[in-house]
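Each of the next two complexes has chain A plus one other chain: chain B in the first, chain C in the second.
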Partner chain A sequence: MPSISVENISFSYGRGDVISSVSFCAEGAARIALLGSNGSGKSTLIKLIDGLLPLKRGDIKVNGCSVKDGDIRRIREKIGIVFQDPDSQFVSPVLEEDTAFGPENYDLPDIAERVRKSLELTGLYEARKRMPQTLSGGEKERAQLAGILASEPEIIMLDESFTMLDEEGRKEMRTLVDTIWKDSMVITITHSADEAISADRVILLSGGRIIADGTPETVLTDYKLLEEAGIKAPLAVRLRKALEERGFKLPPLLTAEELKEAIWNYH
Partner chain B sequence: MELSLVNASIRRDDFLLSDLSLTLKEGLTAITGKSGSGKTTILTMLSGLLPLRSGSLLLSGKEVSGQVPGCGVIFQFPERQLFSENVFSDVAFSLRHSGLGKSDVKDKAAAALSIMGIDEAKWYESPFSLSGGERRRAAIAGVIVSDPRIVLADEPTVGLDGHSYDIVMRFFSEFRDSGRIVAAVTHDPDLTAMSDRVILIDNGQIAGDGLPDDLVSSGISELSLSLGLGRTVSFDILVDRIASMLGGRR
Partner chain C sequence: MNLLGAYTPGSSSIHKLDNAVRITDFAILFAAFVVASGFVWGYILSLSVLLFVFRMAGVPIKPVAAMFWRFRVFLLTVFLMNAFFQPSERPYFSFWIVTFSLDGVLFGLRMIMSIMLLTALSSVLTATATPVEITDGLRTVLHPLSFLKIPVDEASSIISIAISFIPVLASEGESIILSARARGALPGGRKIKDRALSLIPLALPLFLSAFRRADELASAMEARGYTGEKGRKRKIRIAFGRRESLSLVFSLLILLGAIALKGVFNVHTS
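Moving on to the complex of A and B:
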C-alpha cells in the first residue's frame, strides 16, 4: 500500500524558508489536493518528496523509505509526476520508445509488455509509431500518462496538469487518471479550488506552511482561510455567498450540482 | 491598423490549415477553441513567423513577408526563454541592437519591469532566482520593452494565480485600451470575458466570431445555461439572474 509521511520539514533556497515546519501523512488510494497560490511552496514540496531537492531539515518517507538515506531511485520509481506541459517531457522521436524510457531507466522487467499495456489503457496503441510532438494536445497528455503508467508507480502527482486543455478535455483526463490509477494515491497540485473539490482531502498551503488540512467541505468553504492563501473559493461557493448577501439563504454546498439542486428546491 | 490573413494556408506534419481569412483590429481579441484545433498555428501565422504556403499576410493592407514589424510575440511559457545573467539585461536584450542610447535602453527596461510589477530589488538577480510567476512577468516585460504596436500571446495566464495573475490581467486590460492590436490564444474564461472579441477555432477554421458572452463556455456559462438562464460568462450577471429567479418565487 502506498504511503507518504512528511515529518516537520523546512527548506530554503538561501533567502528565508519557502517551506516551514510542514507535516502530513497519507496512505492507500487517497485522493489529496495540495492547494496553494503561486509561491506557496507547492512545487518545492513535490521536488523534496521526489528527491529532486536535498532535504536537510525534517524527514520524508515514501513507502517507508526516507529520502535522506536509501536509494532515491527506489523512491522515484514509486512516484509518477504529471507535469503541466507534456511537450517538455518527450525524450524520443517515437511514442513507444518514449513510453519505454521510464521502465528502461529503472531496469524494470517486461518492458515491451508494459509499453503495450500503457498505450492500450491510454488509447494510444494505434499511434505507437508516431512522433510524440505531432500528437494533439489531448493525445500528448495521454502520452505523458502512458510514460508514467509504464513504470507502475503507486503515487501519482498531478502538478497543475491538463491546464493546457479545455474544460471538456480536462474532465476526460481526470476520469482517465481515476480509472487507470484507482488503487494508487493521487495528489493533485493546483491553485484552483474548483479542481480541488473532487479530492477527499484538501491540504491548503500558504507561505510555505500548511494552514488547513481537512475535507473539501470544510476547507473550501472557509473564506477567511482561502483569502489568507490567496485562493478564490469554488464557483458554487462564491455564488452561494453572493446570493446570501442579496437575502437568499441556501444550504451549505460545494459543487455546481449542489447549487443547482438548492436553487431548484428554494422556496 | 489592421492585421489580416487572406486565404492563408499552411501544411505542417499531418496538420493542414487552409484558406483561412481573418482580420485583427485594435483592441483585445481572444482566440479560443479545443486543444489541437489550430489556435497556436493561427497565432504564429499572424506573427509572420510561419511561412504561408499560399495566401497572404497584410498589415494595414500592405503585404508582409517575414516577421510583422512592431509585433511582439509572447510564446507559451515565455519564462523558458530567459537566459541572461540578470533579469534587467534579459529584459533589455531586444533593445541592445536597436540603435537606442544606453540611458534610453535603461529607462525603457525599467519601465517595462515596473509595468510587470517586478520588484526593483530583483532586477539584478538571476532570472532563475525568481518565482514562476515572476519569471513569466519578466519574460513578458522583455516583449513589451520594445513598445510593440501588436502583441500576440499564447496562453499568457496559464498556471498563474494571485498577484502574478492580477498583474498580467491588468496588463492585457491596459494594452487593450491603448489603441494596439492585442490577441491572446487562451482557455482562461476571465481573460476571454474581458476581450472585445472572441474568435472560436475548430479544426483549423473559424467556428465563431463575436462577443465573449455569445461564445464562451466556462463554469459560469455552463451553470447559467443548465439553470435555463441563458449564456453569460459574467459572475455578476449570473448572480443577478439567479436572484431575480429566486425573488420571483417569494
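Moving on to the complex of A and C:
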C-alpha cells in the first residue's frame, strides 16, 4: 500500500522559507487535493517528495523510505509526476521511445509490453511513431500519462496538469486518471477550489504552511480560511452564500449539482 | 513539422541499419567529404553521394535547401569574410588588412561548400535515427575509450539530449516569433539598424526560455528515473548483417574514391 509521511519539513531556495514546518501523512488509494494560490509552495512540496530538491530540515518517507538516505531511484519509481507544461517533458522525438524512458531508467522488465499497454490505455497506440511535440494539447497530456503509467507508479502527482485543456477535455482526463489509477494514491495540485471538490481530502497551503487539512465539506466552505489562502470558494458555495444573504436557507453543499437539487426541492 | 534534421520515421535501409554501424558509416562519409573538398571533382563526388544518401533514406531535401536559403546572409558573410581577408601572394588589390584575391574567393567558396555539405549530411543522420539510437550507436562505437576512463556513457547521453532539444528549441523560437509578431514586431520594413535591434527582444526570451525549458526538462527526466551516471544500461552489441557490411563497403569505397580523386586532381592546390 502506498504511503507518504511528511515530517515537519522546511525548505528555502536561498531567501526565506518557501515551505515552513509542513507535516502530513497519507496512505492507500487516497484522493488528495493540494490547494494553494500562486507561489504558496505547492510545486516545491512535490519536488521535495520526489527527491528533486535537497531536503535539509525535517524528513519525508515514501513507502517507509526516507528521501534523504533511501535509494532515490526506488522511491521515484513508485511516484509518477505530471508537470504543468507538457512541452518541456518529452525526451524523445518518437512517442513510444518517450514512453519507454521511465521503465528503461528503472531497469524494469518487459518494456515493449509496458509501452504497448500504456499507449493503448491512453488511446495513443496509433500515434506511437509520432513526434510527441507535434501532438495536440489533449494528446500531449495523455502522452504524459502514458509515460508515467509505463513504470506502474503507486503515487501519482498532477501539478496543475490539464489546465491547457477545455472543460470537456479536463473531465475526460480526470476520468482516465481515476480509472487507470483507481488503486493508487492521486495527489492533485491546484489553485482552484472547484477542482478540489472531487477529492476526499483537501490540504490547504498558504505561504508555505498548511493552514487546513480536512474533507472538502469542511475546508472548501470555510470562507475565512480560503480568504487567508487567497482562494475563491467554489462557485456553488458562493452562490449558496449569496442566496442565504437574501433569506433563502439552503443545506450545506459544494457542487452545482447539489445547488440545483437544493433549489429544486426548496419550499 | 518540416524541421531540418528532425527525426522522420521510415523503413529505409538507412533507418534499419545497426546503430553503431550507421554512426560509423556517417563518420566515414564525413571524412570522405572533408577529403574531397577544395576541387571540382571532389564536390561532384560529395554531391552525388549526398543526393544518393537522401534518396536511400527517403528524407525530403527541400527543408535543407530552405534552411540554407534562410541562412543566406550568414553564408554570404562567411564567403565575403574569406574572400576579403584571406592573405594571398597574388592579390588583385590589397589595402590595409583587406586583401582581395582569387585565392580568397576560392577559399570562401570552399568554406561555404563544406558547411553546407556537412550540415546536409549530418541532417540525414538525425533524420534517420532517434536520439536514443544515436546515443546507443555512439556508446557502442566509443566503448573502447571507456577503458581509458573516459566517461563514454555520459558523453553519449549529453549529445543525445542536445539533439532531442533541437525540435523543442525550434518550436519555442517559432512561438516566440509568432507572439512577437502578434504584438506588432514586424520583420523587415525598417532601417537595417532598427532591424538588428529588433532581433534582441526575440533572442532574449528564446535564451531565457531555453534555460527554463532545459531546467524543466531536467526535472522531468530526473522524475522519471534518469540519473545520468546510472540510467539506461543497454548491452553493447552489434547486429551485423548483409546490409551493414554493404553499407560499410560503400562508405569505405567513397572514402577511397575521395582520396584517389584528391591525388589525381588536387596535387597543386591546398
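We adopt the following convention: the second predicted complex is superposed on the first by the 267 of 267 C-alpha atoms of A that agree within 3 Å, B and C clash if a C-alpha of one lies under 4 Å from a C-alpha of the other, contacts with A are read in each partner's own complex, and residues count from 1 in each chain.
The rule is simple: a residue touches a chain if its C-beta (ideal position, glycine included) is under 8 Å from a C-beta of that chain, and two chains touch if they have at least 3 such contacts.
No experiment lies behind these values; they were computed from the predicted model shown.
Of the two partner chains placed by superposition, only chain C is touched by A:73; chain B is not. In the superposed model, A:267 lies in contact with chain B only, and not with chain C. In the superposition on chain A, contact of A:93 is made with chain C only, not with chain B.
Contact with both chain B and chain C is seen for A:134 once the two complexes are overlaid on the shared chain.
Contact with both chain B and chain C is seen for A:85 once the two complexes are overlaid on the shared chain.
Looking at the shared chain after the overlay, A:111 reaches neither chain B nor chain C. After overlaying the two complexes on the shared chain, residue contacts for A:148 are found with chain C alone; chain B is out of touch. With the contact threshold set out at the top, residues 85, 131, 134 of chain A are in contact with chain B in one structure and with chain C in the other. On the chain C side of its complex with chain A, the touching residues are 1, 6-7, 9, 130-132, 161, 164, 167-168, 171, 212-213, 216-217, 219-227, 230-233.
Residues of chain A touching chain C in their complex: 47, 50, 52, 73, 76-77, 79, 81, 83, 85, 87-94, 97, 101-102, 104-107, 129-131, 133-134, 147-148, 151. Across the complex, chain A is touched by residues 13-15, 33-36, 76-77, 129, 131-133, 155, 158-165, 187, 217-220, 222-223, 226-227, 235, 238-239, 242-243, 245-247, 249 of chain B. For chain A in complex with chain B, the residues that touch the partner chain are 13, 37-39, 43, 84-85, 131, 134, 136-139, 160, 163-169, 191-192, 194, 230-231, 235-236, 238-239, 242-243, 246, 248, 256, 259-260, 263, 266-267.
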